[in-house]
Amino acid sequence: MLKIENLHKSFGKHEVLKGVDLSVETGNVIVILGPSGSGKTTLLRCINFLEKADSGRLSFKELDLDIPRASSNEISDIRKRTAFVFQNYNLFRNKTALENVTEGLIVARRVKKSLASEIARRALDKVGLSGKYDFYPHQLSGGQQQRVGIARAIAVNPDVILFDEPTSALDPELIGEVLAVMKKLAEDGTTMVVVTHEMTFAREVGTHIIFMDDGTIVEEGTPDDIFVHPKEERTKQFLRRITPDYDFRI
Amino acid sequence: MTLDLEFMMRTFLLASAGIPVTLMITVVTLLLSFPAAFFMAISRIHRIKGLKVISSVYVSLIRGTPMVLQILLVYSLLPSLLNSLFKSAGLDIDIFGINPIVYAYAVFTFNTTASLSEVFRSALQTVDIGQMEAALSTGLSSFQSYRRIIIPQALVSAIPNICNVTINLIKGTSLAFIMTVKDITAIAKVEAAYGYNYIEAYIVVFLLYIIVCSAVQQLFKLIENSFNVNSHIPAKEVG
Amino acid sequence: ACGAANETKGAATTVQKKKVYVAHTQTYVPYDFVNDKGESDGFEVQVLKEVDKLLPEYEFEFVPTSDDDLLIGVESGKYDIGVKGAWVTAERKEKFIFPENYIAASIIGLTFRTENADQIKDMESFAKFSGKLVPIAPQNAQYSIVKEYNDANPDNQVELTAAESFDVADAYTWLLEGRYDAYFNIQLSFKNNVLADNGAYHDLADKLSFVPYRAIPTWPLFNKNDQELADAYDTAIKQLQESGRILELELEYFGEDIFEYIQK
Amino acid sequence: MRPFKPSFILEVIPLLLPFLGVTIAVTLSSVAFGSLLGLVLARAKVRGNKISKLLADGYTWILRCSPSIVLLFMTYYGLPKMLKDGFGININGQSKGVFVVITFSLIFAATMSEVMRSAYESIDKGQTEAAVSIGMSPFQAFYRIVLPQAAVVAIPNFTNSLIGLLKEGSLAYTIGLIDIMGKGTLVISRNYGAYALETYIALGIIFWCLTIVIEKVFLLLELHFDKGRKQVLSV
Amino acid sequence: MLKIENLHKSFGKHEVLKGVDLSVETGNVIVILGPSGSGKTTLLRCINFLEKADSGRLSFKELDLDIPRASSNEISDIRKRTAFVFQNYNLFRNKTALENVTEGLIVARRVKKSLASEIARRALDKVGLSGKYDFYPHQLSGGQQQRVGIARAIAVNPDVILFDEPTSALDPELIGEVLAVMKKLAEDGTTMVVVTHEMTFAREVGTHIIFMDDGTIVEEGTPDDIFVHPKEERTKQFLRRITPDYDFRI
């Protein structure tokens, strides 16, 4: 359904994405792993045209386009059918938690106000924010903000949701809950691309795992391929560190 | 030196008739300037080719030339030019019959647009790019993102400066007198001329401006507070 | 007060000279203005300089400024005398002392298109013709004169519009293109700009005509507390008239004796 | 057609230019004093106690309400009287420039206090928090972290006011201080009102050049402070 | 060395801290656990006077003060001897990574410029940011920003460092590295108060664990007390969710 081919992106002289290919089928949950700075966020941003890639093709359902030459109509079309959960939340600062969620429904999807509120409330409840409807972002704790961001994305019921470390600010208890919400979405057939460091989630829910390093895809495959039979040395090295017993010596 | 109180009373009443004129010029000017200034600010921020250059030249040209010159051009020269054009085209349009306040609108709009575009430019830049990204990725169009997310946030820092511009505009409308448009100051001056009651006239003008400008400032305070309550900026200080 | 100062140098050490601040407008050429060297100049200013010479107990200091400041300053006492080609009205007499003798005179009249010369001969015929008069700045004497005319002729009025001062080129253009039908201004301006061979708008000389309406005497204004000074001025001005100094200055600044025109 | 003599524009520029110094001196000193006072007021508004906040708000309110010409007369007539009656100081002999600068400074300060306040408040509180949390004093945090970021926001508005002030020569003229604008008026009157358009065009050219220089300088300054910031650029 | 007594803090009607006591000895590593919104961030902020508590006492070394009545001198004294790692990083936007770190050294601690650069570079190297000295915050990935924040805090060599979820944006590989850095600091005697969801770190490095919920300290003790023999039901419930096998069903 969503396909990226040979995506290149540089910031100045620094090449951040060095030809990335990605293919997502409907209902798939693609998990992107990789060390900090490997280009995961940039990849998601390019898919949503928040960053203009230097070259590459993107096909999304019936659309098939050369990224640098995408028209603003095509871009807005893609954005309407995808949602993004930002690593740093990016909540609308002038809107309450509830309004943050209804905004996309009312304005972009022309849902009636009352229905939008209804949907938004349900989405916020799902992520455990029943009591915080009318709080402004600066009145929310880090984890609460992150959950509003997730609710905002899932409420619009998009074809694809791009998650950028959706559980980073959450405590283990909530991580469980949020990942459960995501798993439920997956079961309902929502396609997802998830950047995460939650290996358990990756293993349980991911249908396809991608391991990125330094702007390229080092290895990809089923969770089993990656976690149990990794081929590349870099992947092995990365996974070795994930075992619960860190080596705290330097 | 004694003040002619009776003159002051009379002039106060007469000059209050200038308040609607002053406000009319102010309101029309602001209404016309806002969209124009906004698009200029946008074209500079987004570095839209061509438009950006036009905007910067416009801003510096308008800000950089005396208003009297602009008035001469718009009020005196332009109608003459149009008149001779119409005449040679055989059209029978009475260009000189136009209410001179129209020229006042034009001149003040030119100037206010220039200043406001800089106010907007600085205010829009206070909004984090993440807000725009979030809005776009939520499916809002650029226009909707600006209207619903970016502008309300930008207004918080723009309002005090819009207030400055507006107050200057209100006080600046007295220049419209060159175009025979009589605002508060002009009426008071006309009254003062016959008996040389300038001291009294200026006191009256001062009082009237206090009334008008206070109302306007109060209005802006209210608007500012209403935006502030709903927004991110905690007035509190960490010290 | 240079001349006077020299003569009375001996006395000055014992008798303190009273300083008199004379404010004058700077743009009313050739009556009161600042010349290219930045000095106070003009017919009215020169007359006052002569007056100063005749008054050893006073020392005049000339302060060029705007009309507004001049009036406020003389009224409040910051300045003692103000000259701005001011014209006398009853209301003004409440604010200022007008001395017995005027200091100068201006000839004011209508400029109009030569093609209308048959219809426009004076204020009345102009009022009948259309009355469309180029706007006048209210602080100018012209404004008061037209106002007075209108008050005296309620059923044959001129359209009197007030506006902040503008530019004579505009006024002439507006006449020629028919925006207005007459322009009420001092004769000197017309003479220098249009009639004079080197005038800025000499090209228009055959298209525009001027008809004088009145010559009005103009007064220096004295602060209400300066009656003594005003009296001294009157004495001095008489002397100057008799000595012929005034006429000399008139010829220097106007090229003719303008007092002739004043209706007694 | 309207009489127009382009060559006069060139003739008049050399007459006007000597007075540019007055314009620049008045503007610069007013901007300097006005900005300082504006800074004090802005500080009182965001960090002061109730009373100083009230005073600062009141000052801004009243100053913005008064037409500049009224204010000029108040300083020109009121100040010497006040000093004379109150302290026995005679400043009547002071150059007119002093009164003009005082007036402009007072007005400029009111405007600036709002420009600075809005700029200050637009900076995220987290920036100050981060600064004080590593041991900077509130002043250091303000000076080193917040100020440079706030400057970017304030500069366009500051430039607006600065350029506006530059052209306020007609006000100085009211009490007889001749700057370049006033000189233009004198030139016009010396010609019995002729060549006004030409003279104003000459003034326009001079002011425009000056404006371009000012804009360039402050744009560079803005860019200098702007490093590290990413705003609503095209997405 | 650092002692908080009966700390209260409300936002409007909402009481966020309901009488919190805390006592930290030199060289201790206090770990604060607790669900999202329980008041962890607010507690740290109150210690550093970024939030003015409504009541409570604070003693820090020779200082002993009633929090609401602390003078600005006392506040600045405490801030000079502590450092804060923010949950949302709060990097100086107009400074490069290196400048973010040197700023506190040069300005607050009056270290010479060259020496400050030296120290800052070493701190950045420690968190794996050798190549990013001259990057501005917006040019850095989430994890890179977070590490600059850590480097900024450790560079000033404070008596106490307050960490607010210092590894939320990091991948497991880096988490290990950063936690190792923190462990090293602990071994060198730096006192730390750490809000984290990294249970492994809590267990390994924490000398004292505090479990907060809803503005109060529910339970505290050694890692062993909390993780192996929790007494309170709420604690048990929280810890139960932490086991690697989430229940993804809702």
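Chains: A, B, C, D and E, in written order; residue numbering restarts at 1 for each.
One rule holds for everything that comes next: a contact is a pair of C-beta atoms (placed from the backbone, for glycine too) under 8 Å apart; a residue touches a chain by one contact, two chains touch by 3 or more.
By chain, with names taken from UniProt: A, E = Arginine ABC transporter ATP-binding protein; B, D = Amino acid ABC transporter permease.
Remember, it's a predicted structure, so these values are computed and weren't measured experimentally.
Number of steps on the shortest path from subunit B to subunit C, with steps defined by chain touch: 1.
On a Cα centroid basis, the chain most remote from subunit E in this structure is C. Chain pair with the larger contact count among B-D and C-D is B-D, by C-beta pairs in contact. Subunit C and subunit D, compared by their mean Cα positions, are separated by 36 Å. Once the centre of each chain is set as its mean CA position, subunit A and subunit B turn out to be 46 Å apart. Once the centre of each chain is set as its mean CA position, subunit A and subunit D turn out to be 50 Å apart.
Counting partner chains per residue, subunit A has residues 50, 88 touching two or more of them.
The multi-chain contact residues of subunit D, meaning those touching 2 or more other chains, are 1-2, 69, 73, 124, 129, 132, 138, 196-197, 229-230, 235. In subunit C, the positions touching at least two other chains are 68, 72, 76, 166-167, 170, 173. Within the complex, the subunit E residues that touch subunit A are 11, 33-37, 40-41, 87-88, 128, 139-144, 147, 164-165, 168-177, 179-181, 183-184, 197, 199-201, 204-205, 238, 241-242, 244-250. Those residues of subunit D whose C-beta lies close enough to touch subunit E in the complex are 124, 126-127, 129-138, 140, 144-145, 148-149, 225, 227-230.
Against subunit D, in their complex, subunit E makes its touches with residues 48, 50, 72, 76, 79-84, 86, 88, 90-96, 103-104, 107-109, 136-138, 152-153, 156, 158. In the complex of the two chains, the subunit C residues touching subunit B come out as 68, 71-72, 75-77, 86, 89, 91-92, 94-96, 135, 138-139, 143-144, 147, 161-167, 170, 173-174, 177-179, 224. Touching subunit A in their complex are the following residues of subunit B: 128, 130-131, 133-142, 144, 148-149, 152-153, 227, 230-232, 234.
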